[in-house]
Amino acid sequence: MNRKLRYGMVGGGRGAFIGGAHRIAANMDGKMEMVCGAFSSDPERSKASGRDLLLPEGRCYASFADMFAAEAKLPAGERMDFVIIVTPNSMHYPPAMAALSAGFHVVCDKPMTFTVAEAKKLAKKVKETGLLFCLTHNYTGYPMVKEARTLVQSGQLGKIRRVTVEYPQGWLSSRIETSGSKQASWRTDPKQAGLTCCFGDIGSHCANLAEYITCSKITEVCAELTTFVKGRPLDDDGNSLIRFDSGARGVLWASQIAVGEENGLNIRVYGEKGAVKWRQEEPNTLIVTWTDKPTEMRRTGMGYLCNAAKNGARLPAGHPEGYLEAFGNLYRAFGDALSQVLSGKKVRETDFDYPNAHDGLRGMAFLDASVKSSKARQKWVKIQA
Amino acid sequence: MNRKLRYGMVGGGRGAFIGGAHRIAANMDGKMEMVCGAFSSDPERSKASGRDLLLPEGRCYASFADMFAAEAKLPAGERMDFVIIVTPNSMHYPPAMAALSAGFHVVCDKPMTFTVAEAKKLAKKVKETGLLFCLTHNYTGYPMVKEARTLVQSGQLGKIRRVTVEYPQGWLSSRIETSGSKQASWRTDPKQAGLTCCFGDIGSHCANLAEYITCSKITEVCAELTTFVKGRPLDDDGNSLIRFDSGARGVLWASQIAVGEENGLNIRVYGEKGAVKWRQEEPNTLIVTWTDKPTEMRRTGMGYLCNAAKNGARLPAGHPEGYLEAFGNLYRAFGDALSQVLSGKKVRETDFDYPNAHDGLRGMAFLDASVKSSKARQKWVKIQA
Amino acid sequence: MNRKLRYGMVGGGRGAFIGGAHRIAANMDGKMEMVCGAFSSDPERSKASGRDLLLPEGRCYASFADMFAAEAKLPAGERMDFVIIVTPNSMHYPPAMAALSAGFHVVCDKPMTFTVAEAKKLAKKVKETGLLFCLTHNYTGYPMVKEARTLVQSGQLGKIRRVTVEYPQGWLSSRIETSGSKQASWRTDPKQAGLTCCFGDIGSHCANLAEYITCSKITEVCAELTTFVKGRPLDDDGNSLIRFDSGARGVLWASQIAVGEENGLNIRVYGEKGAVKWRQEEPNTLIVTWTDKPTEMRRTGMGYLCNAAKNGARLPAGHPEGYLEAFGNLYRAFGDALSQVLSGKKVRETDFDYPNAHDGLRGMAFLDASVKSSKARQKWVKIQA
Amino acid sequence: MNRKLRYGMVGGGRGAFIGGAHRIAANMDGKMEMVCGAFSSDPERSKASGRDLLLPEGRCYASFADMFAAEAKLPAGERMDFVIIVTPNSMHYPPAMAALSAGFHVVCDKPMTFTVAEAKKLAKKVKETGLLFCLTHNYTGYPMVKEARTLVQSGQLGKIRRVTVEYPQGWLSSRIETSGSKQASWRTDPKQAGLTCCFGDIGSHCANLAEYITCSKITEVCAELTTFVKGRPLDDDGNSLIRFDSGARGVLWASQIAVGEENGLNIRVYGEKGAVKWRQEEPNTLIVTWTDKPTEMRRTGMGYLCNAAKNGARLPAGHPEGYLEAFGNLYRAFGDALSQVLSGKKVRETDFDYPNAHDGLRGMAFLDASVKSSKARQKWVKIQA
């Protein structure tokens, strides 16, 4: 491609958090540019947000429906190529379906939809249209996560036996949703977030990360979701025993009431011959342990890493790369796929290193099973996807 | 006391590991001395071990029965005051009961007995005789564990909500018990270890540590114990959801197949207002987090610590104190109690900071419930003790 | 400003490292865009680099002189606002002087010039023209560096007594400059790098960082620069005792032969009442110690930080921000100043939080004194600037 | 030996710190016992201290002279074998010379003497008498320090190029010597401590550690010692450039006013092919880095370590061993030598892994040169020893 890829954004206006992260991530390599947006369900707010972002007024739309309609009519050299959806969970499905129907490729925040039923329909639609769909489980974009996956994939760790994956946060340890936190209010609202708050928002990242690194699937859960903060209608903490199709077993937990924790996603994967440990808050180090050798610290940017990890770094070792760069790696992979599509090539989406609609469907099935398990008296609930 | 306290040892001869740790710990403060031992069920081996340890030949006994009989006949100024039992699990109960019957105070390694039934009988015997009984859940001897407990006890962390306690080890990730490891062979042998290997050996420390710090009791478990190494008759890995009588919830897991892990006991306790994190492998730091303040690193030996933590240190801050010093703290507390008893004072064992027979009984009940839960189809199994 | 700020780039073509970092940093907040470049002294290479970067062919210039001339003739609504200079040290001064002469604001990589004499002339020119000049000592862009500075500035640490600042790297521990490393070859070449390699390239960051955080000036050095790798004409390692105008003392060292080190810039500043410690490789944590309180870990993104630190973060706590984001903060501050200038406001450059030409001159004087000291038999050499 | 080695102690009574550490260290392996002492220059205090330590009254002496005289008259089966000297610096030489004259082997705290002249006389006396002399630079007792030394010795790191060795402490950051701290008052008193406080007390450990690990000698220093706390007659901070006989160069600094630092001795040694990093506060990890491989964390107790490191551990990996265990390793090595001597064998003291009188003399020469350098206008001062 000898031009930048053009995108529009749904959501992500003033006061939003994740929209800004998406924009920085998409723009990072200088290969994408935002050309339009429907930043808010409030048309005035949408326009104001667009102005902040230095967009021309004519491309700040009052709704995603308006945007898709108007953009579709623009000349090919001007109209957006894909849409980025960064609304609350309940508002993923409508714009995603509409975008696909209008012929636009989609990047969508996680969890993919509000319900499993929606997820199935959306995955089906993606398949039917042949359009690209990237679900931003952004943590898999970190180079050292890719190194971990390669160590499993190549058999260097041996057959995987156990996995511990955790996502502690503390920001919801008191009821801040009633005192003006926009981030907290929609996540704790069943109408916007869905059946689960904590597991939906961050437990879903745990499941995705564990499956990505282990190259296997979680098949059963035994979960207990808890609401610790009084008056909150959804879970703010959850623990689960997990089983994988490979025979591996483990523990998955997430919490939003773990006081003092910031964004502590971490994973430990133990195989027969070796193990890996990774913490999102210090993402450029992968601890690798062996049965009979000193523990290794592998580091982003080093020459000894696998290609996927090497390609995931923008800087020499020791120049910390963070959340935004990892996020940018998803956009880079999506951009690679999209460039090929726009150049008229036929691509298989699974050949590209970003989460797709099928991963999104699996994530919804995991959440569904976890919520069911939490209410069940029996020990295990199967994941259907 | 103007003399050293005198002890005999059951087990802990050549080739043993924990016996040596007990001796260093007991001797650390120069207030206790070993005067006799029945170091092995093999009389020759027992004598040889005694010689290694510079004991007079006449006090190296062929059996614990011989030892208790002979020592009981010695003049008060010579005979041992208490016995230290460091045999495999199956051989805790017989010498412990015999010692109590012979009027000797007891220090016993964990888990307390082979079965819950034995544990009940032993606890009853301790009560009846009025003798002292210390169970060496040694990890509670670390100063920063005491600081953590004080932070909970004083209410500074608020009501406790969730607990994650883990004990990863990797030394049994292959079947070393068949190739000469004495430590591995008895622990994986149901006849010597009991119903469980991994949970019995190290999961029991998790439960004890969690209860010690949170000042509450685990009431229910939902566990899955697994044997990953083929041919091994007992579990080498286990995961459990746990519930506390205080309403707290959490996760407890232990593993002996976590390749590359050494002795990774660690705990995180989250309350409404603050949280503590502690890792046995770097035991002199306690991480304390708060909702609205910088994270603290509290350190062994500092003046700002609680008294229990301050008294638990032998050196100024920055002079690392380790496993043996923590172990020594149990002996110090037990020695304090014993000195008072020997001086004719009446003491309540629960006033001293060491685990006692009741803690031992609780530990056995935890193991029993965990093994039952692992086989159950229902989700939760209650702990009866 | 209701438009993006426009820049051209000198240097930074194919095979370069730092040019790419500048571009990502400048573009990060969506407020700047590259519109032209003279990426290489080889016109063909310059054009090819421009194509890679999706620039229109007409604005890929054969030389910086061409670029300044051509851009100056463009209409105000099109022409670049400022130039970014990312060439080897010997080629900082010529384009910087030319840009200022042509009326363009300048962002320049460090060290500012090839010689102290150049630095003086350049600083004078900046003053005369009234144009903005930003020197990219990018490490001062990290939020936690700003928090450290505020802790000093506000007096919370008390009078500063000692400073240790280090910059270990290992990438030049063998003679890679003779086997194709472009980065290594110019840095070790006296004709391109100047009087010093190691101190010029990274020791200069140490000095700048120490002065930034301590709010004081290094006045004397006692340095030993060493070339460990045979055949290399410039230093690859250096140690220095340092004295500050505030009375503080300390140690500054940098090395390019510290095998296994990546980019380990770090600083420790001890005052009468408290101290701070910061490591570039884990930049989101600032360790703060006090005489009588637990050590604190202050973290990027938290609400308790000073305004400068808070404003320096783009994400909530726990979402690691790295080298590029810190670099972006310099561009953000420069952009703030430039927007005001372009809106016709009068600004004092020292009111903005980025290093300026005066800092650049001080840096050159530090290098000059260090090289002199290294050859001297007397202990101390004064810094003149 | 089929008996415990017997020692007497000079100094180390009530209120002392290091005496207690020596006793725990000496007793740790159950092979040594304290049989007598002259714990204080105040006879009553000496007796009271002896009572605390459960010694028989008849062997608590009023002075070291009394002790040596009385013990020399005891039957061989009762009298002490060696003396441990733990008095302030000014009182090392007199009891050490007296002990040697009376035929007792000596363990002495560092620095060895008050002056270089004394050190020379003492080293000469040791040689003449053929008695053993152990100087307790205890930090070399850590297993991972031995691993580091082996890595150098075996050539695995290649020729050593640079060394950074630091010893930050913060406990003297205010003038606590005037408010009752016994530890502070003698160390800051020129009559008891000698020419230097900070460098004498802890800088000497830096020099010894650096020489031990690098297997080479510091030949020149360029030092600046500073007194930051007003009214204090000796240095409380010092920085030095250092040169080794091997051609290596580096930095050595120590501070007692580094607020918030506990006992932060640490060293980094960089060779042509690899490097090691070690921190006393987390002593069971040795970081080993290489040019082209992942960084290693080598850990106390692991099977892959060198024999010296393996033998230095008392516990399996992951059971933290600390300051006292490392200290115990010096006593263990000294005990091995002494056992052989007492069994009538001829030994070369340098075959045993503990610091001896020659190391003590080198330490004094290092201090002497550092103090001279600090006052000099010339850059380098040679170390004469």
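Here the chain labels run A, B, C and D in written order, and each chain numbers its own residues starting at 1.
Quick note on the criterion: a contact is a pair of C-beta atoms (placed from the backbone, for glycine too) under 8 Å apart; a residue touches a chain by one contact, two chains touch by 3 or more.
These numbers come from a predicted model, not from an experiment.
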Chain at maximum distance from chain B, centres defined as averaged CA atoms: C
Selected pair, greater C-beta contact count between A-D and C-D: C-D
Centre-of-Cα separation between chain D and chain B, whole angstrom: 34
Cα-centroid distance, chain C relative to chain D, in whole angstrom: 43
Centre-of-Cα separation between chain D and chain A, whole angstrom: 55
Contacts with 2+ other chains: residues of chain B: 261, 288, 295, 299
Touching residues (chain side chain D, partner chain C) in the complex: 157, 161-162, 164, 166, 168, 170, 173-174, 222, 224, 226, 228, 237, 239-241, 249-251, 253, 255, 257-261, 268, 270-275, 288-291, 295, 376-379
Residue ranges of chain B in contact with chain C within the complex: 288, 292-299, 302-304
Sites on chain B touched by chain D in the complex: 2-4, 17, 20-21, 23-24, 27-31, 34, 51, 53-54, 169, 171, 261-264, 280-284, 299, 301, 314-325
